[in-house]
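Some structures to go through are shown next.
The two complexes that follow have chain A in common; it is paired with chain B in the first and with chain C in the second.
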Partner chain A sequence: MGLEQYLLMRHELVLTLITLIILIAELCIKGDNSRKIRPFAIILFFIATVVGFLPLGEGSLFGGMFQTNGMILIMKNVLNIGVLIIFIQSYTWLGNEENKIKVSEFFLLMLSTLIGMDFMISSGDFLMFYIGLELATIPIASLAAYERTKTKSAEAGIKLILSSALSSGIMLYGISMLYGTTGSIYFSEVAKSLHSSNLQTLAFIFFFSGMAFKISIVPFHLWTADVYEGAPISVTSYLSVISKGAAVFIFVIMLFTVFRAMTAMWQDVLYITSVLTMTIGNLFAMRQKNLKRFLAFSSISQAGFIFLGMIGGNELGMTSVVYFMLIYIFSNLGAFGVVSAIANRTGKENRDDYDGLYLTNPKLSLLMMIALFSLAGIPPVAGFFGKFFLFTAAAKGGFYMLVLIGVLNTIISLYYYLLVVKAMFINKSETPIQYFKSDGYTRLGLIICFAGIVFTGLFSFVFEYIRVYAFGV
Partner chain B sequence: MLTIPIETQILFAGILFFLGLIGLLVRRNMIFMLMSIEIMLNSAGLVFIIAGNHWKQPDGQVMFIFILTVAAVEVAIGLALILQVYHHYKTLDADAVNKLRDQNSK
Partner chain C sequence: MSNFNYTLFIVLIPLAMFLLLGLQGHKFKKLSGILGTTGLGIAWILSLITAYQYFFVYGNVGGVFKPMLAYNSVWLQMTETLHIDMGILLDPISVMMLVVITTVSFMVHIYSNGYMKDEQGFARFFAFLSLFTFSMLGLVIATNIFQMYIFWELVGVSSYLLIGYYYQKPSAVSASKKAFIVTRFADLGFLIGILLLSFNTKTFDFISLTDIHGPAIACGAGASFLGLSVMTWSLIFVFMGGAGKSAMFPLHIWLPDAMEGPTPVSALIHAATMVVAGVYLVARLFPVYAISAPQGLEVVGYVGCFSSLFAAVIACTQYDIKRVLAYSTMSQIGYMMVGLGVSHYGGEEGLGFMASMFHLFTHAMFKALLFLGAGAIIHAVHTNEMTEMGGLRKYLPITHITFLIACLTIAGIPLLSAFFSKDEILTAAFHNNKLIFFVQLFVAGLTAFYMFRLYFRVFWNKEPHYHHTPHESPLTMTIPLMFLAVCSIFAGYIPFSQFVTSDSKPFESVMEMGIAIPSVVVGLFGILIAFVMYKKETTLPDRISTGFSFFYKWAFHKFYFDELYLFVTKKIIFRFISRPVAWFDRHIVDGTMNGISAVTNYVSFQIRGFQSGQLQQYAYVFVSGLVGLALVILYAFVK
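And now, the complex of A and B:
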């Protein structure tokens, strides 16, 4: 065992390297460096994403603090793809006059949160998990306050840091109780000594509350809509897909490994919160006029659907959660991409402003329609298959009632997704958004999302690939 | 040597935690809210030290050192953002910082 064992943490090493290169590049490039930094960072990160797909063995490092296997590798790759799309989509926005002086900070903070998420997903004990979680959370708060001149952005930042600090405090208290009752902070040791005593149940509830803040599960969702509205759109899409995705991934891993002995207990907790999250997320999404708030509540209700995949506690569930997350990244980023393209050009983010969009910008409205259909789960597009597998996983675990509630909620969600489609295609407007031509990077980002939605939906081997790679079956 | 029973120690940490939580909910000044969160983090750290002492392991104390470090980072970012908010709103009252809200609710 030489130095090559450290290749197991290839993702983290490559990301750290890129972060350092961008940091140095910013110092070296003279003058207006924003034009050079943006493509440079995107190309570097594209290489990192491709390198991430190279096969990698299983194993653990540092006495079990860091572990990796096929499933974890796929999770990291899914996150990488999402971040790449966000980088491409934010290219135009970063070129604005006010953002020019802080372009590299955007990339540095984003990449350091990604490093934190990778370490968090790979963690083998609670110390690594906690540090990864904080590294994944704290820089996002400063990113939410990225637009210094805007009042709303500052407010989003303070709301995010206060609620995330509170959530990590609660979670830490739960972890400390777990340590107190089991005598170890290593996942494998903790898993052996759990036996659903009262104190351990309480510890799990505390831990769950902390995680629920990150995934924005009802009743811990109150920060979501405010922060999503106030933060810049690129950061909002990052929060809604990448941060949420990473938290979902580590949560599903921990439920299936660490808390395996308490399955009966956490199934009850997941059952109740999932029903609440789907329903309340849907009901609130209906009455939103601002599209960023609307997508925030839609992403809350999607989190409820994700719990359907976890609750069965089976292998199919884990695969379908990862598969759903991949589809969710493409569809949500597609929707956010359209909103951001229009907001960058016109500054409009309300649903009423989209009246008659099809007549002036047919391509954008078609993409928005497909993304929203995919979020709603209408058959030809990918979202349907994602939801289908989640429901199958829950049904396999015997939760037929929950599946029924999930299907009902899907129908409710159709209503508000179609409201936006109706505004674009049917409503007439005196002052529609004028036709505009997006620049290359915006279009590239949208095309990737479109291709992703179609590709993951039409070709079943994506699901098989995840399954085979993760479990070797 | 006088030894305090572990139940008392845990109870003390629990009281500290809920003091922090209540402080966060009751206080409206954002700096005090941040301080209350610090108290919560430190009470969790205290439980780690108590448990580490109980199991005769160094893990609890190692955890505590990292918690302290991360808490310091959180405060640094938190204070910077509070400064930013003060710049825009000219107040530290959390209730006054409410530009982001549901447009339907009056």
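And now, the complex of A and C:
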């Protein structure tokens, strides 16, 4: 086995390297200069993102524990793009006085979780999968408690770690039952020995609840709101987009490969939970006045829509899930970007505060509107195509009733997304948020999101590119 | 094939200009006009190169002009076979349209630099012009009917924006709404047509649709409804869209009102380019019409014929010079439709098709010239009413000469361009449908009459008292006039039958003296009457109009069509259909919706307790959810 075979782990290796460089740089930089880490880390990560797009073959390492292919590569790149945007968006916030001593921690922890996610997506057996999962979870808990002097932030950290401990426990229980019934932890071996016995069904449901926790599927979602609200905005957007995305990616791969023998069973599980998730996520989102909390709940209901793509079990489903995640990254980060730009400047994050925003900050309002339209799925912005393909995939699998429920839920979600738009454009306010000019990094982040929303929708080659590598049950 | 890659820029440059001027126009101010004009100039040159390369270098393969795809990509995949593409299709008619659109648009851009100089929103005007040019170009190069439909709607939007350019004027606002709603209504037909057509033929693509040996055309013989085949019905519906855009009777009512827009816009959109989109649409699908739906083509012919007569009669009674030109446009488009309607597919039989495209080409030149000339007149005397004009030939020498050339051209005077194109339409009509031929011959006389009525009233006749002496327009406005005048004279010498024919095979067309001579005589007769009546101020016109008072009044009020439509919409549709529907909507539909939203709201209020903030409760819900799910699934899958 030649050394060049390790190139298959290129994403993980590059990220590890960057993490180490930043760690060393932090030791070398003294006191006031700590802020200089920010551009340094962003440039390094930008390079890593670009490197990620270089072509790479398929293959597996370590006797099948690690595997990679074209689809996995795309998934990792999608995550990289998202993290890059988050880094750019948090630039200003990290420059605040109280964050001065822990700037590099932010990057280190986030990159560590990303490494964990990459390993998780690439895993070829349950052990690697579990290690990746934990590596992806534990640093996030400390990130959620990043503003540790604030009670809410500390509370978010502790809630996240405790509830993820519970979910990990249950998931491990499921995995152990799988091992017990099949005698292997390798995906390929497990797939061969699955035959839908009752115990295996139970094992799948235990395993599922652990995944559902990460994707925040009802009824395993309750941690979401508190953690999203308490954590700093950058971490919230990370949780709602990247963390969720990575879990979705590995889950769809596992459903289509490991659990393919149990397709009829997991289709039922997805059916029930996706209906619950879309509906309950929407019902909660309607009542939220705090925009962070509002976006958190709306992201729960979006997760329900993702299941629509998976449930058909066809190639189109996998393509549409990855495509939707890409669009979702742009749209959600766009919305979070605006919220965080305003919160950083004024500390306001309630919907009422946004009244009359269009008159004072027209560009921000337009961006927010486009991002929300994309989340709601209004043509011609990208979100429409994302949802369109998810629904098509489900319809192709014959789940017409589910598509109907999904469409109804889209309408409900339209209501609350438009409430924010209404606040910005129609409502009048005595004390609107004053005009302000954002700095370069905030703008850059928003422009990338905007461009992403517009271009992924208009140009079909993105979709076609993903489609080439997709596979079905 | 890769040598046509640059055609992409013909479309993209106007789009880029629209984005630039639309978003950042306020920073450029006066520069925006120059920017827009330069962009269009480049697109114009590229179009000319395309035309040269297509017609003389690459297009002609073994005596046939092959359609070429310069660019194509799948945009939205519906099923394996049915997909919407975006691309660029080059064939004789699309290349010809590229030249027409960019030429006229470029001239209008130059002209607008002078004409719109002091207007508010100068940059906005140029941004919209660019948007329109982009959409129109996208329409003609469409590779499939759906792409065409998308750009078709975009053209409608930009026309709406430009008609309503003076948005403080209530009349402009209502005119823009009228244009949009009427054409939108027609587009509904178009969409139904597209769906029927693609459902039957399983394709959107023009090349496979119009392939005479392909499966698409053979679909025509299928099911029938009310005696016509489904194919015929779908093509009639498609034509409905075309009739709306091209202001054919009875969907013509928006065109005269659209003259509320700035005059350069009328020249570009409502004379030379957008309104001929309907003709282009029929020409695009011509093989399908001619082979699988000849009845559809007959409808096209009769609608065109009637519209042309109808509009010409109204044009004789109008006093607003732009409205006269608007009705004249409608009448000339009627000619083009007639040309298509009396044509057959292939060779000499396809004379009508060739003549129609030829007339479209020459018409674009001389009608743009007429409108721009009218703009120069309005610019000089600040009114649209010809009763307040007269004797202007002394003050506006260049405008006078170019306007005279345009009038002579439209009247069909020999050796000018429209003589050739109109004559060929008449020849085609003569050989296929005598009724249409005689009506069109009569319309030719009327055309000469109303155009010279306009000409003599404005440039000769008695001079009214002007507030200040009218003066000739600046060079930016007269240069386009002179250029277009040259085009109007010489465009007729292009051997069109060598390039644009129904089956893309060149043929020799000959002039039939037996038809040319009567049409010229009729034209001259029309001019003579106009000369007697309007050269000097006489009471003759008034005596005639009182003599035919009933008919005159009828025509003067445009045969009361606006009133009829208003009556139908307000008194019948609004009262007997809209009101009950509104009641149903307000009480039943809204009631149901309100009920649903109340329930949703109530439920979401009730379940807020779940989100208590208590971690132990979260764990409890988590585990009970797990158990519940496991029970349900195990129950369903128990073995």
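Everything below uses one rule, namely that the second predicted complex is superposed on the first by the 466 of 473 C-alpha atoms of A that agree within 3 Å, B and C clash if a C-alpha of one lies under 4 Å from a C-alpha of the other, contacts with A are read in each partner's own complex, and residues count from 1 in each chain.
What we mean here is this: a residue touches a chain if its C-beta (ideal position, glycine included) is under 8 Å from a C-beta of that chain, and two chains touch if they have at least 3 such contacts.
All values derive from a computational prediction rather than experimental measurement.
Q: Looking at the overlay, does A:Glu98 come into contact with chain B only (first), chain C only (second), both, or neither?
A: A:Glu98 contacts neither chain B nor chain C.
Q: Between chain B (first) and chain C (second), which, if any, makes contact with A:Glu58: first, second, both or neither?
A: neither
Q: When the two structures are overlaid on chain A, which partner does A:Asn290 contact: first (chain B), second (chain C), both, or neither?
A: first
Q: Looking at the overlay, does A:Asp352 come into contact with chain B only (first), chain C only (second), both, or neither?
A: So A:Asp352 meets neither chain B nor chain C here.
Q: Could you look at A:Ile170 and tell me whether it touches chain B, chain C, both or neither (first, second, both, neither)?
A: Both partners, chain B and chain C.
Q: I'd like to know which partner A:Gly180 touches here: chain B for first, chain C for second, both or neither.
A: first
Q: I'd like to know which partner A:Asp439 touches here: chain B for first, chain C for second, both or neither.
A: In the superposition, A:Asp439 contacts neither chain B nor chain C.
Q: Check the residue A:Thr273 against both partner chains and state whether it touches chain B (first), chain C (second), both, or neither.
A: Touch partner of A:Thr273: chain C, not chain B.
Q: Residues on chain A in contact with chain B in one complex and with chain C in the other?
A: Dual-contact residues (chain A): 159, 162, 166, 170, 225-226, 287.
Q: Report the residues of chain A in contact with chain C in the complex, numbered from low to high.
A: Result: residues 159, 162-163, 166-167, 170, 196-198, 201-202, 205-206, 208-209, 213, 218-220, 222-223, 225-226, 265, 268-269, 272-273, 280, 283-284, 286-287, 412, 415, 460-461, 464 of chain A touch chain C.
Q: Sort out for me which residues of chain C touch chain A in the complex.
A: By the definition above, chain C touches chain A via 73-77, 597, 600-601, 603-605, 607-608, 610-611, 613, 615, 617-619, 621-626, 628-630, 632-634, 636-639.
Q: In the complex, go through chain B and note every residue touching chain A.
A: So the residues of chain B touching chain A come out as 10, 17, 20, 24, 30, 33-34, 37, 40-41, 43-45, 47-48, 50-52, 54-55, 57, 59-60, 62-63, 66-67, 70, 73-74, 77-78, 80-82, 84-85, 87-89, 97, 99-104.
Q: Spell out the residues on chain A that touch chain B in their complex, using ranges where they run on.
A: Spelled out, the residues of chain A in touch with chain B are 126-127, 130-131, 134, 138, 141-142, 145, 148, 151-152, 154-159, 161-162, 165-166, 168-170, 172-173, 175-177, 179-180, 183-185, 225-227, 229-230, 287-290, 293.
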